[in-house]
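In the two complexes below, subunit A is the common chain; its partner is subunit B in one and subunit C in the other.
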Partner chain A sequence: MTGTLPIEPAALETAPEPADTPPRPRRTLGSIITRAVAGFFAILLLVFILGPLLWMAIAAFAKRWKYPNMLPQAWTLDWWGRVLGGADLLPALWLSVKFAVLATLLACVICLPAAYALGRANFPGRRVILLGLFATNAFPKMGLFTSIATLFYAMQLMNTQLGVIIVQMLGTVVTMTWIPAAAFASVSPSLIEAARDAGAGKLRVFFQITMRLAAPGIAVAVILAFLACFDEAQGTYLIGAPTYLTMPTKMYQLVTNYPQQAAAVFALVLCVPSVLLLLLVRRHVMGGHLAEGFQLK
Partner chain B sequence: MSSPDRGAGRNAGGATAAPPVPGLQLSGITKDLGGRTIVHRMDLSVAPGELICLLGPSGCGKTTTLRMIGGFLTPDAGRLTIGGKDYTFAPPEKRPTAMVFQNYALWPHMSVTGNIAFGLKIRKMSKAQIREKVDWALDLVHLTHHRNTMPARISGGEQQRVALARALVLEPQVLLLDEPLSNLDAKLRVQVREDIREIQQRLGITTVLVTHDQDEALSVADRIAVMNGGRIEHDAQPTELYARPHTTFVASFIGAMNWLETSPVAGGVPLGGSTVLPADWVSSDTGDRVGIRPEDLLPSPAGTPGTAAATVVRSIPRGHYREVVFECGGTEIRSYTALPLAEGETVGLRAGRALVYRDGTLQGADSDVDADARAVQQRAAEQEAAAQDAAVGAE
Partner chain C sequence: MSSLAMASPPALLVLVFVGVPVIIGIAYTLGYTGGLNSIATTLAVQVYPASGWMPTTAAYAAVFADPRFQGDLVVTVWVTLSTVVAVLVLAWAIALYARLTGGWLGRFLSGVAVIPLFIPIVIGAYAIRTFYLNTGFLVSVGKLVGIDFPTLSYHTPGIVIGQIWASLPFAVLLISSGLAAVPDALIDAARDTGASRARAVWSVMIPMTTVPTVIVATFTGVGVMGSFTVPYMIGPAAPNMLGVTLQQTYASYARPQNAQVMAVVLFVLAAGIGALYVWANARQARQSAVAL
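Entry: the complex of A and B
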């Protein structure tokens, strides 16, 4: 993509070049500039994505790092020892995993049937529901969480595990309906009819054909939902703190109460499960199942 | 078409149910979809072991009919029986039917064997039984070497054969084929349709084939039901259907036809002006439309008694025959002939057979079949003589 897209900017930049250059070398020059521009943007992108991570990784080992210096003046492993050895980390990690798993399971139970209906049936209001789900992302999260908190106080869900799970689950609804709905929709009706024809009842068809063929799309949605829950901080903090502190909410405390090095170490630790999971499903994400989710008609 | 022993239900017309239980019977089947009547009070009886073809243009209701037989749609009215048992409202999994889908519909996550064995596993057969049956089916369609291949890795024709094997392995009472050849290229189509016909005859399985391709229908079917607007317009053996199409729609849909908006007169078909095209046989003496098949238009040397004068307007070589357009009495008519006629040449023309219609319906549909045969015989003799004459003339 980077090879073809920047042709236009390149053409603009070749314009000031001497006009009497013969066509062939000029084309070569054009392609060189195209590549250079593409390379430049690629590096820019990398700097923006990897730069902060790199800074964080260095900060995690820094003893003293003041502004004009490109690298820390003194190095240390103290912060790693303090964070990993601290009493807070393991319980927070355990809580994070527990909440994320339960919230994802709850999302499966609620969203997958909805996704099946949205993907396989055409009922009045279907498009409205699909768009409505998407629109929930248009509002500022904190505002929503505040009104949720009001509700939760009334329902006595504040500071409860169920409350945290519900709040985390809410954030996954779009992913958990759109992507599986597209996966269900892409299962050709004739494959299902062929299975019925061969003698399979509706349940068997659902589990052996429909679910099986939609599985990659559903897996992608589940993993994205799990990651979203795992990293969810705002709602979890509002509902769970101070009783239930997960890793991301713990970060909030660390950032305000500790030197930045501790937060850097914590953030790196927080990255590990996400990166591992993403590496695991890279093939499916690359395979277009994610994109499929947003092509629902 | 060499299957003389398919007696029941094959007799001309075939409208009345034969005394033995038909393999498949549709009575008064009606289906509305989206406020439109797609299939209208349809009656159809298929004898055991017979291959019937539902032929018609898109939207004529043929696929809807097939889907009702398969159980994917429920009729709004009427009754459907298979082997004498009522299956009108049974779901697909409870029917003794097996369908081969237009796009094959092979399950992409199962191997060829997995696809074929799927239905057998549901029937709780033992591993050994399943293996034996799958081997039989694979052998039937000559795909033994692909038993462990995934469907995406084999060609369209092979996928088609897997779909056929998957259907046949369940030993259905009725095999349903939904435009099974439409996704194959022309050469392969001819080969696969011959394979399908051969297997169908070997197993003696009652089959309903849906197609919009008249060649396909004519070459494989025991009987063809031509559908139009949700109704069967004519239901007969291929040769009968071609020779005496009951309606102008059927006549136009199957093969080519010269249409003349006129009624026959004594001795032939008036063409305009005072020209009358002599006809050896007309189905009836009066009507409002006359149809003549191109091969029934017989050229002979100019001035031959009992012919009308005609000029060759165009002569198009078609390989083993020529398509020749004549101008005769101010009307252009088309003929298929073996004679090497050149453009501008003058010939004498007459019709071997002329079908007379009134309000779109064939007149004299029940007329003497022997006369028909005689006319055809005579025509052949004449044509031979004319060819000899032409050869002599050329020397």
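Entry: the complex of A and C
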């Protein structure tokens, strides 16, 4: 494991395996140390990543929680009742869903045909378009949003629903084009040719072969796009507030005006759609669809 | 329908809602306050207009002379650099361990590192703020065992922590996928010819994973630089990152032109990073052309 004996692995592979002596004693010691370090690191990482979320989740059930105690002294469910029954949650939730659904649908209409063309055909201007789309990600977000706001004032889109939808949709363009394009590109041309040879029409090939094989990649893109819209706060805040407050932008206000427990409950409720939807596509996201979508080809 | 026509709509969308705003934004900073900028100008408390067609740098002079901006710029660059370095080191350590051992611990580590992807950033930032507050977890644990941990929330290191938390999933996913693409046969070949494990990593795995690493560095850098939520939630009132000051200068102080100057400063910083990304992709394209 430490790599001090360069000859060791080769020697071991050629040596006949002794039946009952434990092989590679040095490596066992090394691997125990590595594992111990990795285990310690795993605990630190667990605290770093999950600690804040757990701490917040506990706060949502706290009646009295005095520093420096690790747990509240008294528990309550009152905050859940107040937030879930309060006047703030439902309108914000409805707005969030409405904007995110409309922005995602619009992104599908605009980006998916483009993804098909970019993934299946080579044409002059293709690389320029791929790189041009990346421009949305090349500008630091807040700088871009204030620039957009100035244009929106001129177009009378400031503080309008369409303005918010456009801003949310802009954030999905790269995801909605690049990931489906990679999915379309990975459909083997020989399969399509085979289907055509067997007499299938163009439309039939498109729906039964191309679309079916590209579907997982497209689904990942659509869900990621929906979540990006649903969770988008910075642009929505600048363009929509104070007229249109979605759940994430409401959070900006809650953290200053509300008791900590109420903000924690609100935050947990807001997590639900993200966690559920991402668990659905978890395998695909981990399996490299996301990573593939970020490399120009 | 031709491929170009099919591929055009998103490009047009980006042209109208990214290209045009950036261009009129840059024009605005140089004193062109009319045209598409005129409504923002009527809502502003102060602008520095150009005299006729001659551009003016008065807005730049005003912003750069402001000590708050100077402090914010330093914080922005510092947070961006620290986050990129920390994220690259962490993501590489996790992805490499998972790739080399292939055991449950490696899978567990990368699984944990990806969790923030599932959590809206507003929530993550809020949770992190409470966690590192003077009444939060870290200080409480310190109190119980007798160590004085600093309060990180409302201080610059807290922002870095929040940024690392938010950026880690993407980095781990991309670098893991890059390392997965290195064929086992290549690593074994290096080992068989006498290379140590460290040598195999250094001479085989790192060069073959340059592109994902550069992508991670650029996306993380640009993302952190233009972020608002994390510094707004976790950072101090001042100096904070430019994203926060930019938003306040625009919306609260009604000085859109000054805000636009800050935006242009961010664009210039990001342009350097973006060039790196394009270079890496071009390199990749050449490599795969050779492979084919």
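Following the convention adopted for this analysis, the second predicted complex is superposed on the first by the 255 of 297 C-alpha atoms of A that agree within 3 Å, B and C clash if a C-alpha of one lies under 4 Å from a C-alpha of the other, contacts with A are read in each partner's own complex, and residues count from 1 in each chain.
Here is the rule we use: a residue touches a chain if its C-beta (ideal position, glycine included) is under 8 Å from a C-beta of that chain, and two chains touch if they have at least 3 such contacts.
Quick caveat, the model's predicted, so the values are computed rather than measured.
S.K.: Count the residues of subunit A touched by subunit B and by subunit C, then name the partner with the higher count.
M.R.: The partner making contact with more of subunit A's residues is C.
S.K.: Please indicate which partner A:190 is in contact with in the superposed arrangement: first for subunit B, second for subunit C, both, or neither.
M.R.: In the superposition, A:190 touches subunit B alone.
S.K.: Is A:165 contacted by the first partner subunit B, the second partner subunit C, both or neither?
M.R.: In the superposed model, A:165 contacts neither subunit B nor subunit C.
S.K.: Looking at the overlay, does A:33 come into contact with subunit B only (first), subunit C only (second), both, or neither?
M.R.: neither
S.K.: So, does A:125 touch the first partner subunit B, the second partner subunit C, both, or neither?
M.R.: Touch status of A:125: second partner only.
S.K.: Could you tell me if A:220 is touching subunit B, subunit C, both of them or neither one (first, second, both, neither)?
M.R.: The answer is neither, since A:220 touches no partner chain.
S.K.: Output check: A:262 vs subunit B and subunit C. Expected answer is one of first, second, both, neither. What do you get?
M.R.: neither
S.K.: So in the superposed three-chain picture, is A:95 touching just subunit B, just subunit C, both, or none of them (first/second/both/neither)?
M.R.: Once the two structures are laid over each other on A, A:95 reaches no partner at all.
S.K.: Using the touch definition from the top, say if A:103 reaches subunit B (first), subunit C (second), both or neither.
M.R.: Neither subunit B nor subunit C is touched by A:103.
S.K.: Going by the contact rule set out above, which residues of subunit C touch subunit A in the complex?
M.R.: Contacts found on subunit C: 2-4, 6-11, 13-15, 17-22, 24-25, 28, 35-40, 43, 93-94, 97, 101, 105-106, 108-109, 112-124, 126-132, 134-137, 139-141, 143-144, 165, 168, 170, 173-174, 176-178, 180, 191-192, 194-199, 211-212, 215, 219, 222-223, 225-229, 232-233, 242-244, 246-247, 250-251, 256, 259-260, 262-264, 266-267, 269-271, 274, 277-278, 281, 284-285, 288.
S.K.: Would you pull the subunit B residues touching subunit A in the complex into a rising list?
M.R.: Interface residues on the subunit B side: 70-72, 91-93, 97-99, 101-103, 105-109, 118-119, 122-123, 166-167, 170.
S.K.: Would you tell me which residues of subunit A are touching subunit C in their complex?
M.R.: Within the complex, subunit A touches subunit C at residues 1, 3-4, 6-7, 9-10, 13, 34-35, 38-39, 41-42, 45-46, 48-53, 55-56, 59, 67-70, 110-111, 113-114, 116-118, 120-121, 123-126, 129, 131-151, 153-154, 166, 169-170, 173, 176-177, 230-231, 233-234, 237-238, 248, 251-252, 255, 260, 263-264, 267, 270-271, 274-275, 278-279, 285-286, 288, 290-292, 294-297.
S.K.: Quick one: in the complex, what on subunit A touches subunit B?
M.R.: For this pair, the touching residues of subunit A are 188, 190-191, 193-201, 204, 209, 212-213.
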